[in-house]
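Below: a set of structures, written as structure tokens.
After this come two complexes, each holding subunit A, first together with subunit B and then together with subunit C.
Entry: the complex of A and B
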């Protein structure tokens, strides 16, 4: 418990900054929506004229931007990108920083097992990503409601946040997994963000070239997409199972590697 | 009972040597010195005892229990001061110490303040504002606040001023009187001689000798450096107790152990330009051990 509290305190400032950023992003985004909704169909006409690659890059290809749900769906792409960056960095740093700051000799000579250390750190990280997720959820519901003149999309927002949470979990485990395998913070953060960027670019490439559609299993960004989840869509079982597998494997690897390794001075 | 029981402990970092076949025991209630030059394997041995690193082969027991398998349980009764002290930079000293205390199932508060007072440590400063010596003090308080049965100190005095060193030695003596066993690693022979009952000497990863401090004191080496007025033959220093003799024209150096009067009366027969008698460095002592064993 003491390690969890210590980690929560250590990450408090960063978490607050992330959450404030998230609320700000949603607020500014919805402010822009208000403008677009007024402009009406001319926005969609304008977008239709843009090149396909451009639209894919900004996630604009399939949504009706004048509809609040469509607009929010575009937004979601940025949430998962930010949420996964937050999670992957958090995971990579929370494990490896003890050796970076040379505090491993302090923590690991206390009467705690390495398993308990990892568990405590995972619990603290989990609380952090839940806080990120809940902030995004609550800010979305409140701010979207302020600008929404049509039907409520709260149900869709909740569904999207569940998807966001699963993706956060995946990247948190990518972060902790690389942290125990690479043995130092710099490498851990660069390798894990590289994984994140590569999978993200892959997801965009898949949007552009339908020929490589089968690669979608390789990138978590394709597992839960707003256009499939919203407007009455459902989670696909195969991707939920796949996500669970990734998380379980990486977390297990984290425990095994951390238990076996020599702490560096 | 052996408090520490090390059995053919070997550690390689990849291909490079850490320690090879290290074996020795530390008995209950003793202050055990662990001495050797930098890179000899002192920290490697200690970090293996604390399960920070895993042995390549061999094993070690603390309180009669395997130090890897029962690590967390054993560490309840161990206080450890690492050779290089690092703590969470953004925390206040008091918070670091409270965090440290929170790992033990006892109330350490009183002892915490008592120790901080003895070591003259300001609890309200942030760790990253502290000098090296002050960080070392945090380490000492952190290592002792739960009144452990076994105290492991890895080069504890570096960075402490002489006054603090003295206070620290008093503290260690006091803990020892209360029943704590102490493993004390150092590369300074003098401080080990002052404090310890027995000593293990390690060099290049191997234990050269485990010896009573009294025996070590008897073989108390002095290093002589002499400038003579005339050149001299080496037979002149053919005196019992002289080793490592080297003569360059009028400049003579050697190690001497034995009755100091014998060598002084021998020297008084010659005219000297200069005479320096000093503590030999650890390396010179080790050289001697090698010579003796060869």
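Entry: the complex of A and C
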């Protein structure tokens, strides 16, 4: 319990900054929506006639920007980008920082097992990403509601935030997984950044070039997309199973490796 | 001079890694071109049916994806993204490393003043960036010539490619300026990732919003490839803004670092 509280306090400042940025992003974005809604009608009619590949190429996807739901859907990409950066860095640092700060011997001589330490740290990290997610959710519901003149899209927002949470979980486990497999914080953050960048660019390449679509299983950024989830869409079972698998494997690896880790003190 | 050489030696490995990453990225992306060019030709036919005013309003006319130059400019943002992280990371770490690695008192008792130290470190960072750019440009040019089907405007290609250098200069200066504000930076990557992706998301957001004021905030909007390709020159206002920011960041860095209280061991 002490470790959980200690970790929560250590990450408090960063978490607050992240949450404020999220609220700010949503607010600025929706502020602009008011102007967009009036201008865009004729453009939408035109876009509807274009072939699918063209739209994905230009990132226009199938969103109707004059509809608040369509406009909000565009934000989902930003949320998963920021959410995954937050989660992967949090995971990588929370495990490896004891050695970086030379506090590993202090912690490990306490009467708590290593399994206990990892569990506490994971719980603290989990609370952090839940707070990030809930802030985004609540800010979205309130701010979108302020500018929404049509039907409420709260249901869609909740669905997107569940998807965001799953992606956060994946990247958190990528972070902790790389932390136990690398020697120090610098290596851990570098490797997890590489994973993040490669998967992100791969997801963009898949958008551009449909023939490599089968690679989508390799990049979490393609698991859940706003245009599939919103407007009555459903989660795809295969991606939920795949996400669960990734998280379970990486967390198990974390426990196994950390228990046997030779600490650099 | 010794500081300069020492820094070059310290960052040699990261320089090699980042340069290889950029080269691999551009080779992979450009090798997708032949496949995409076919699709793009079809789209061009479709697009030409629309009135010019609407094409302009959508911002679609300027990049022709069926030409190698148009495609290159379209995907160049991912090269910029990776290059910016490299530069931001280098800028943020190069001064703060002394405190992090507990070598600050060793360096600062040497008979060399602080502005000298910044100058050498800045020079080392610039040398790193210069080497990255030279290798990248050679690789990109070679790859362009391999995949091209028709001749392209070489001058426009170089103008687009040089924006990597400009953006990296911006992020070096920004990174150093950020680092002097912190007493101690324990892990650099979370800061660089948050900064670069923060600017990138503002840029993405602004592609939907087209807000002139917002475009001055993010360096990614300064050198719009579409503008460069169609005009074969830079937008002077943005160049001035970029130079202005670079100067301000550099002056701030010198001003604060020379008077900063540096924690000793």
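Observations, loosely collected:
FYI, the second predicted complex is superposed on the first by the 247 of 265 C-alpha atoms of A that agree within 3 Å, B and C clash if a C-alpha of one lies under 4 Å from a C-alpha of the other, contacts with A are read in each partner's own complex, and residues count from 1 in each chain.
Methods note: contacts are C-beta pairs under 8 Å (C-beta built on N, C-alpha and C of every residue); 3 or more make two chains touch, one makes a residue touch a chain.
The structure displayed is predicted, hence computed values, not measured ones.
By the touch criterion stated above, A:101 is placed in contact with subunit B and with subunit C alike. By the touch criterion defined above, A:74 lies against subunit C but remains apart from subunit B after alignment on the C-alpha atoms of chain A. Applying the stated contact rule after C-alpha superposition, one finds that A:93 touches subunit C and leaves subunit B untouched. After superposition on the shared chain, subunit A has more residues touched by C, the comparison being subunit B against subunit C. Once the two complexes are laid over each other on the shared chain, residue contacts for A:204 go to subunit C alone; subunit B is not touched. In the superposition on chain A, contact of A:32 is made with subunit C only, not with subunit B.
By the touch criterion defined above, A:112 reaches subunit B but does not reach subunit C. Once the two complexes are laid over each other on the shared chain, residue contacts for A:185 go to subunit C alone; subunit B is not touched. Of the two partner chains, subunit B is the only one touched by A:260; subunit C is not.
Touch criterion not met for A:215: it reaches neither subunit B nor subunit C. Common to the subunit B and subunit C contact sets on subunit A are residues 101. Listing the residues of subunit B that touch subunit A in their complex gives 13, 43, 47, 50-54, 71-76, 78, 80, 82, 84, 86-90, 99-100, 102-104, 142. Within the complex, the subunit A residues that touch subunit C are 14, 21, 25, 28-29, 32, 36, 43, 46-47, 50-51, 53-54, 57-59, 65, 74, 77-78, 81-82, 85, 89, 93, 97, 100-101, 185-186, 189-190, 193, 196-197, 201, 204-205, 208-209, 211.
Residues 2, 6, 10, 101-106, 108-113, 116, 260, 262-263, 265 of subunit A are the ones that touch subunit B when the two sit in their complex.
The part of subunit C that touches subunit A in the complex is made up of residues 25, 28-29, 32, 35-36, 39-40, 43, 46-47, 50, 54, 57-58, 60, 65, 75, 78, 81-82, 85, 186-190, 193-194, 197-198, 201, 204-205, 207-209, 211.
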